[in-house]
Amino acid sequence: MADDSESAGARAERRARFQPASGMVTPRFSGLASFMRLPVLDPAEAVGEGAGEGAGLVEIGLIGIPFDGTTTNRPGARLGPRAVREASTGTRALNHATGVAPYALAACADLGDVPINPVDAAETAQRIEAFYRPLAEAGIVPLTVGGDHFITYPVLRALGAARPLGLIHIDAHSDTDDAQYGGSRLTHGTPFRRAVEAGLLDPRRCIQIGIRGSMDAADERDWALAQGMRILTMEEVCARGLPEVAAEARAVVGEGPTYLSFDIDALDPAFAPGTGTPEIGGFTTREALHLLRALRGLDLVGADVVEVAPPLDSAGITALAGAGIAFEILCLLAERVAARG
Amino acid sequence: MADDSESAGARAERRARFQPASGMVTPRFSGLASFMRLPVLDPAEAVGEGAGEGAGLVEIGLIGIPFDGTTTNRPGARLGPRAVREASTGTRALNHATGVAPYALAACADLGDVPINPVDAAETAQRIEAFYRPLAEAGIVPLTVGGDHFITYPVLRALGAARPLGLIHIDAHSDTDDAQYGGSRLTHGTPFRRAVEAGLLDPRRCIQIGIRGSMDAADERDWALAQGMRILTMEEVCARGLPEVAAEARAVVGEGPTYLSFDIDALDPAFAPGTGTPEIGGFTTREALHLLRALRGLDLVGADVVEVAPPLDSAGITALAGAGIAFEILCLLAERVAARG
Amino acid sequence: MADDSESAGARAERRARFQPASGMVTPRFSGLASFMRLPVLDPAEAVGEGAGEGAGLVEIGLIGIPFDGTTTNRPGARLGPRAVREASTGTRALNHATGVAPYALAACADLGDVPINPVDAAETAQRIEAFYRPLAEAGIVPLTVGGDHFITYPVLRALGAARPLGLIHIDAHSDTDDAQYGGSRLTHGTPFRRAVEAGLLDPRRCIQIGIRGSMDAADERDWALAQGMRILTMEEVCARGLPEVAAEARAVVGEGPTYLSFDIDALDPAFAPGTGTPEIGGFTTREALHLLRALRGLDLVGADVVEVAPPLDSAGITALAGAGIAFEILCLLAERVAARG
Amino acid sequence: MADDSESAGARAERRARFQPASGMVTPRFSGLASFMRLPVLDPAEAVGEGAGEGAGLVEIGLIGIPFDGTTTNRPGARLGPRAVREASTGTRALNHATGVAPYALAACADLGDVPINPVDAAETAQRIEAFYRPLAEAGIVPLTVGGDHFITYPVLRALGAARPLGLIHIDAHSDTDDAQYGGSRLTHGTPFRRAVEAGLLDPRRCIQIGIRGSMDAADERDWALAQGMRILTMEEVCARGLPEVAAEARAVVGEGPTYLSFDIDALDPAFAPGTGTPEIGGFTTREALHLLRALRGLDLVGADVVEVAPPLDSAGITALAGAGIAFEILCLLAERVAARG
Amino acid sequence: MADDSESAGARAERRARFQPASGMVTPRFSGLASFMRLPVLDPAEAVGEGAGEGAGLVEIGLIGIPFDGTTTNRPGARLGPRAVREASTGTRALNHATGVAPYALAACADLGDVPINPVDAAETAQRIEAFYRPLAEAGIVPLTVGGDHFITYPVLRALGAARPLGLIHIDAHSDTDDAQYGGSRLTHGTPFRRAVEAGLLDPRRCIQIGIRGSMDAADERDWALAQGMRILTMEEVCARGLPEVAAEARAVVGEGPTYLSFDIDALDPAFAPGTGTPEIGGFTTREALHLLRALRGLDLVGADVVEVAPPLDSAGITALAGAGIAFEILCLLAERVAARG
Amino acid sequence: MADDSESAGARAERRARFQPASGMVTPRFSGLASFMRLPVLDPAEAVGEGAGEGAGLVEIGLIGIPFDGTTTNRPGARLGPRAVREASTGTRALNHATGVAPYALAACADLGDVPINPVDAAETAQRIEAFYRPLAEAGIVPLTVGGDHFITYPVLRALGAARPLGLIHIDAHSDTDDAQYGGSRLTHGTPFRRAVEAGLLDPRRCIQIGIRGSMDAADERDWALAQGMRILTMEEVCARGLPEVAAEARAVVGEGPTYLSFDIDALDPAFAPGTGTPEIGGFTTREALHLLRALRGLDLVGADVVEVAPPLDSAGITALAGAGIAFEILCLLAERVAARG
C-alpha cells in the first residue's frame, strides 16, 4: 500500500473502489452488515499475496475478533463484532465535526473476523497473531473490534514485533494484572502487562486514561507506574479537563508509532451498559469523541475498540457507541494514511 | 380564543375548566392516559365551530400525529404519541425550575390524534394540514407529538400559510435533503427543504442546533447554508456554551412568529435510545431543558416533539424525555399565550 | 439451472461449491451473517447473465426483502432479513427429523436483499418483481424472508406470471382485504386478493391455515370463500388435527406448481412475539414444523417467511423461529429440486 | 338496561351508539387507548342516575382497577389496566372462532378506572364496592381488569350482596389463604376465603381450575375442599382433557348466577411472563380460549382478568393475552346479555 | 448420611433443621437468595469432616457451578446459578401435583458454588471433581445447577468413579461430539463422549430424550448409537407420547444407579429463551414436569440442570423454568433418599 | 463498638475477619451475592447480645429493607436490596479516587434484610424501628438499601431518638408532602415531614439537593422552607457548581450527627431508569460521586440508598449505580468510624 511508485491517480482509483454503500440509494437496514457498509475483502486478497512489502490492496482493514474466552466477569463480547457491524451501518461518509471524509483519504475494507477458537485462548492468540502479521507486513493499518481486551495482546505481538510501540489506552481499568485465579496469566485483565514484558510496548510512551472505580489491590496500578506508564484516573481527567488530557497524551506518546486501544467501559454505563465490567462515573460519548479528535496527527499504526457485549446491552446503544467511536478512530487512521502519502 | 372582548374573569373560568387530573387524588398510573392528564376535547369542539376567528375554546392544543411512513431508517415513531401520553402523566402543574404554572396561564386540552393513513404519506399530509388549519384560524397554538419528522412539513403548511415563520430546530440531523432513493421527496429527511421551498419558513430566520454525526453528502448542509439558514453543529454548541447558543437562536428568529421543532434524537442515545436514527455525542436532557428555558418570551406559534420510537426504547426513558421536553415547551407556549392577553 | 444436459457429476461439483461455513471450524457467532452461513452471491452472477433459460448458477436463492412500508399496525419487519440471517447461523447441515441434507441436494446461496425504497410501495413492488423475474427465468427457486406480507404480491407477479399458482398460506390473518383507510389497496392486508384478481393464484388451489382472532368485518373472509379459497381456522385445525390438515392442504393444491407463504404470526405470541399484529392462540413451533414436514413432495416453486419484526421481539426468539421455519422450508425446496433432477 | 318496556329498536339504536372505533378507518395505534377501542363513558352517566333499577345506559361496562397494594410477591399489576387497554386495541368486532359479534349483542363502554388509593387496601376495598354497587343496581355487567387478585373480593361484595354467587376461578393458585405475615387478612392470597366467609360465594357452586406448583402448607387447599369447593389441579386438567373440565365446571355452577375470575398466571409463563407469581406448567392461550368458549350460556353476572403486571412482561405478550382473554369473556357476557333480552 | 445406626427420630430432627424459610413469614423477595430458600452450609461442614463414610450432615446438597468457559455458541451460563437461586425462592414446601414434601423426606442445604476458574477449563474440571468426591463419599446426593453442559463430565468423574452409571439425558443436543475447532476435546459439546470413554457411564444404560434441530455431521449421533446409547429424537417423543417415553427411559436405565441431566434447551425457546444454543420445537415445561414425575422411584445418585444463560433470557422465565425443573428433580431425589431409609 | 478499652490490635483483628471475598480468587459472579461480597452476619450476633452499649461485633452494618408498600407511582423497589447486592459484587477493596480502603478502616458485614410485611406499612415501620434500635445502641452505623423512601422515617425513629439529626438529602423530590389521596400520611412522599414533626431531624440542619421537575402544589416546598430546611434545586446546583453545593451542605449540617439519604432518582433517568418516579434533568453518576467525596469528614451516623426498582431497570444500570453510590457512602462511613477511633 502506498508505495512510493504508485501514482496519485492510481491510488485515487483504488480508493474509489472501496466506498461504503450509500444509504441514499439502498437503505441502511438493508443487506448484510459489514463494517461501515464497506466492501468485504478476503484478507489474503487484501495483502496482495506474492506482492512485496507495503503492497496491500487496501490501506485500512476493519477486522472483528469475536473472542471473549478470557473474560473474568460477565461474558458476551464475542458477539461484539457482529453487533458493531450492524450498528456501524448508521455511519456515513463525511464527519460532521472534523470535515474528514475517510474513504476519500484511504482505501478501507472489512476483512472479516479472525477465525478464533472460543475455548482455547492460547491457540486463539496464535491465530490472531498469524492473521495480523501479513497485514502489518503489507502496510495495512488494522482497526479491530473485539472481543474482550485480551485480544489486544496478540494484535500487539504482530504490530509491535519490529519495535516497541507507544500506547493510548482509554479504559476504566488498567488491565495490568499479573495473574488471576492463582496463576492464569492470559486474561482480559493482563494484556498490557504481558505486552510490556514482551517488549511490544515502551511503557514510558504509554498512557492510560479514565481509570476509575475500585481495585482488588494496588499492585495492578503500582506495577504500571513502576514501569513508567502514565495513569490518568477519571478524577484527574475531570479536574484537568479534556484539552489538557489530550495534550498530555500527545506528549507521552510523542511522534513515534503508537497504538490506540479503546475499551468501551471507558464510557459511563449510561452510554455503554453492554459490557462485562461496567463502572459508574465514566466518559460521555461526547467527551470520548472530543478526546479522540484531539489526537489527530499522531502516528497511529493500529487501533481497537473492545468489550462491547451485546447480550448485556439495552437498545443497542453500546454497539452504537462502539461503532461511532470506531468511525471517529477510522477518521484518525485515514488522515494518517493520507498524510503518509 | 383570547379575543379582546373576553373578560379576564371569563378567561380565568375557562382556564379553570381545563386542568390536569391531580395525582394527589387519583394516582398517575390510573385511567386513560391523555397528554399531561389534561381533558380530552374533540377538535371540532375546540375550534368552536361556527364561531369567528380566534374563537377557540382552548388556547393550546396538544395533538398526536402517529405517522412514521416516511422513515428511512428504523421505524416505530407512529407509536410515539401513545407512549408520550403515558409518560406525560408524570408531569405536574408547577414547573420547579421556572415557577411557571402553565394551566393557570392558558386553557390546554388533548385534542387527540390526527387521523392519518399509515400507508400513504401524501394523503396523510393533506389530512394533517386539514386538521391544523381550523386550529390555526381559531388561534389555538398546537403542540404536536410525532411521528417522524416529515409531519412538521404539513403542520407548517397550516401554520405558515399566512406568512413565513422563523424556526428553531433542535436535532442531530438537518433534514434538508432534496430527495432520497432516487426521487422520493416527501420523507423525514426533507421537511425543512420542502417548507423553505414552499415559502412557509423564512430561511434567514431559521436556526438548526445540535447537528452532528456524519453525512452522506455535503449537499444537505450546503443547501441550507445557501438559503441563509444558520447551522450550529454540536461541536459549536459545546465550544460556545448554551447561553451563547440561546442568544444566537433568539437573534436569528427575532421577534417574529416562530416555530419550534424538537427532534428527540437531538438528545444523546443514553438519554433517548428509542429513536430511529440515533447519533452519539448529543445533548443531555439537562442541557435541553436549559436551552428551552432560555427561549422564554419568543413569539412561538406552534411546536413539536418528534421521532420518539417506543419499540426501540429501553425502560421508557425516551418517551419520558419526550414528555418532559413537551412539558417544558408547553410552559413556553403558555407564557406566550398569557403575555398576548 | 439443472438443464438436462448437465452431468450429475457437474451438478454435484456445483453443489459442493455452495456449502455453509462449518460451525465446527469457525464459530457460529463469527463473521458476517448470511442466510444459513451460505456463500453470498450477486443475483446477476446467480442467474448466469447471458446464459439461456434454466441456467442459474444455483438452484435455490435465499433473498431478503427488508420492506414494511405497508404495515397497518406496528412496523419493524423491514429489519427482519438481517435478524433472520443472524439467527439462521444456528442451523446446520443435516435435518435431525427428516434426515434431509439440503446442501447436498441443491446448490443454495444468499442472494442478498432486494434494493427496496422504504417510502414507496409501488416502486418497491416494481423493484421486487424486476429482481425475481430473472431468477424465475433461470429456474432458481426463491426462498424469501420479509418484510411485511405485502411483498408476497410482487414476488407472485414474477413467479406466477406464466400460469396461476396454488398456495399454501399459513397465517393468523387472511390478508384478503380489498382496501384499507378508504382506498389504499396495496397494503400487507391485501396481497392475496390482489394476486387472485391478477390471475397469479388459482383460488381453488389456495388454502389458508391457522386463521384466528377477530375480524373487522366478514368481507375479508367471505370474498376469499366466494373465490373458492379454502380457509382452515385455528379452531378447525385443532379440532381435526395436523395430519388431516396437511392432507387437506395437499389435496387442495394438488400436483401443480405451488407457492408456500408462512406469516410468522401464524405462531402463537409465546413463540413469536416479534411481529406487528400478534394473535393469541396460535401454532407452536413444533406444530409448524410437523405441518411443514407433512408437505414433502409438493411442487413448490417458491416460498417466503414474513412479518418477523425484530424491534418487537424478545430474546430473539421470533427471528430464531423464522430461521428454523426457513430451514425446514429450505429442506422441502431442496428435496423438490433434487427430485426434478 | 334491558328493561322490558324498551323496544327492540331502541335497544338496537343504543347498541349502535357504542361501537368500537374501526381499525379500517383509524389505525389501531392511533388515539387514546380505551378498552377494545370502545367509547369512554362516565360511570354516573352509565348508570343513568336518577333512573330506576336496570336503567343503565350500557349493558356491559369494562372497568380498570389499578391496585396492587396487597401483592405478596412481585408488584406491578397496578399498571395492568392501562397496558391491557393498549393491547386490546388489536381486538376487532367479530370473533373468528365463535362468530359472536359482541357489540351487536350488547351496548358496551369503557367506564374508566376505579379511583383507588394505592397505599390503603381497606379504603380501596370500600371505593371499589361503592363503584360497583350502582352498576349492579343498574343491571350493568362488569368486566374488570386488575390489579391484583384482592380486587375480586370487593367486587363480589357489590355483586354478591343480594345472594351468593357461583364461581369459575381459573388460576395457578387457590387464593384461599387465611392470613399472611402473621395476621394480614386482606391480601391477594385471600379473596376467595373472605368471599366465602362473607356469604358472597356459595362454595358448593365454586370451582378452581388450573391450580399447580407448590404450596406453603396444605391449609389453603384443605379449607377450600372442606367448604365444598371443587379444585381441579393442572394435573387433573391434563389427565381429563378440556371438554370434561368444562363440563364439570358447568355442572358445579349450574344455572345460577355465576362470577368468572381469570388470573393471568393460570397461563404458563411462556404465554404470560408478566405476572407477580408465575408458575411453570400452565395453560396455553389456546387452551384458555377453548375452555372459555365451552362456558357459553352460563348465567355470568360479572368477570375479571387480574394480575397482569406490565413491568415484568416481555414484548407485551402478557397484556396481549389479557386483552384476548378479556375479549373472549366479553363475547360470553354479550351473548348472555342478548339472551336475557 | 442415613447410616443405619441413626435413629428415625434423630434423622427427623436433622431434617427439621434444614427447612426453607417460609414465604408466609418473610416475603419471597426478601433476603439473600439461596436455592429454594434453604439454609446455606459450608461443604466441609456438610460432609462432616473427620466422620466416616455416609456421614454427611445433609442428605441432598444443592450446588452451583458458575462456569461457561467451554461454550461454543453464546455464553452466559456462568450467571445461571445465581439467577436460578433467585427464581427458586418462588418454590414452596409441598408439591401440588405429586404431594411430595421434599424437606420432610430429606435434609437439604445450599452448599454454595464450586470455586471455578473462569478462564481455565482443565483446572475447573479438577476443582469440580475435588468438590464432589467428598460429597459422594459422605453419601450426599448432589443436585447441581450449571453452568454449561461441560460441567457434567467432572461431576461424573466424582460420582461414577466407583462404577459406571446409567444416564437419563434430556436435551436438544446429544453433546457427544469428539472434538471441536480442530482438537478441543473439553467443550460443552463433548461431556457424554468423554464420560463414556472414561467408563463413568454405561452407554447401554444411557438414554437421550428430546434431541432435535440440525447437526453439523452425523458422527455425533452415530458414535452414540454405536456405543449402545438410546436416542429419542423430539419427533419420536411426539409420535410415541410421554408415557411410552418414560417407560422406555425406565427400561433403559433399569434399577442401577443413575444420573439425571437436564439441559434447559430441551425446552422450547418460548419456555426457555435464555440459553446459548436454543432450538425451536422443544418441550413445554408441562411436558417436562410430566416426564420427570414419571421417573419416580429410580435409583438417582445425582442430577443437574444446566445451560440457563440469564443475559439471554427475557423476563426471567428461563431461570424460573430451571428452578421449577430443579424443584421437581429435588422431589425425585428426596423420595429416593427417604426410600433408602 | 469501638469502646475505648479495646486495643488497636484487637480492633484490627476484628476488622480482618470482615473482609469481602476476593474477586481474584473466586469470580464476582460466583456464590450467593451479599452486599460488597461481605460476610453475612445475624443482627443479633452483630449487636453482641448481652454485651454493653457500643459493643457491636461490627462497626458498619449493611442492611436491606425490601419494602415498597407506600409507593404512589410505579412499584418495584421491594426488589431493590437483592439487585443492589448482586450489582455490588463488582465493587472492590480500594477506592481508586480517594484511596480509601474501607474494610481496613471498619469492620463491615451484611446484616440481611429487615423482616418487613409487604402489605402493612405501619407494622413494617415498627419492625424497622425495632431492627435498628439495637444496632444504634451497639454503635453500629447502618447503611441501608431500600425499598421506597418511606423506610427512612422508621430508620430515623431509631437513629434520631436520642437527639435530632442533621440531614443531607439528595433527591429529585422533597418528599415533604403532608398526606396523599385524602389522608394517607405514611407514604414515600412524606418521610421527611414526619421526621421533622417527630423531632427526629433538626430542620435547620437539613438540606435537600437536586430537587427538580414539577410539583402538584407548592405546599410541599413551602412547608419545608418554613421549617428552615434548605432546598437546592437542580437549577441552583447547575448554576453554582458542585464545590459550592458541597460547601453549603457542610455548612448546613455542621459538625453535629448527620444522616445521609440518597434517592436514586436524584440521578438522571439515563443513569438510573429503574426507579418509580424518574425525572429528566438529573445528576450524572460522576457528579454524584464528586458530591459524595466532598462530604468526607462529616459526622455521619447512618445513610441509605433508596428507590432502586429493578423491574423498571434496563441492563441493570440502576442497581449498578445504587451499588456504586453505596460503596462511596461506605467509604465515608468507614473513614468516620476510623476517625472516631
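Per-chain residue numbering starts at 1, and chain names A, B, C, D, E and F are given in the order in which the chains are listed.
Heads up, the rule we're going with is that contacts are C-beta pairs under 8 Å (C-beta built on N, C-alpha and C of every residue); 3 or more make two chains touch, one makes a residue touch a chain.
Please read all numbers here as calculations on a predicted model, not as lab measurements.
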Quiz item: Since chain D and chain E are copies that touch, is their contact same (over half of the numbers shared) or different (under half)?
Solution: different
Quiz item: If every chain is reduced to the average of its C-alpha atoms, which one ends up farthest from chain F?
Solution: C
Practice problem: Could you compare the number of C-beta pairs in contact for A-F with that for B-C and name the larger? | Solution: A-F
Quiz item: Between A-E, C-E or B-D, which shows the same interface as C-D, counting it as a repeat when over half of the contact pairs match?
Solution: C-E
Quiz prompt | Rounded Å distance between chain C and chain F, as computed from the means of their C-alpha atoms | solution = 57
Quiz item: Counting in whole Å, what is the centre-to-centre distance of chain D and chain F, each centre being its mean C-alpha position?
Solution: 42
Quiz item: What residues in chain C touch two or more of the other chains?
Solution: 25, 27, 29, 72, 74, 78-79, 118, 180-182, 268, 270, 284, 312, 314-315
Exercise. Considering only which chains touch which, label the overall pattern as line, ring, star, complete or other.
Key: other
Practice problem: Determine which chains touch and list them pairwise. | Solution: A-B, A-C, A-E, A-F, B-C, B-D, B-F, C-D, C-E, D-E, D-F, E-F
Quiz item: Can you list the chain B residues touching chain A in their complex?
Solution: 72-74, 177, 180-182, 211-218, 233-235, 238, 268-270, 273-274, 277-282, 284, 312-315
Quiz item: Which part of chain B faces chain C closely enough to touch in the complex?
Solution: 68-72, 74-76, 78-79, 117-121, 180-182, 184, 186-187, 311-312
Quiz prompt | Footprint of chain B on chain A - complex, ascending | solution = 22-25, 27-29, 90-97, 268, 270-271, 284-286, 289-290, 314-317, 320-321, 324-325, 327
Practice problem: Please give the residue numbers of chain B that touch chain D in the complex, ascending. | Solution: 25-27, 29-34, 40, 64, 66, 78-79, 81-82, 85-86, 110, 112-113, 115-116, 118
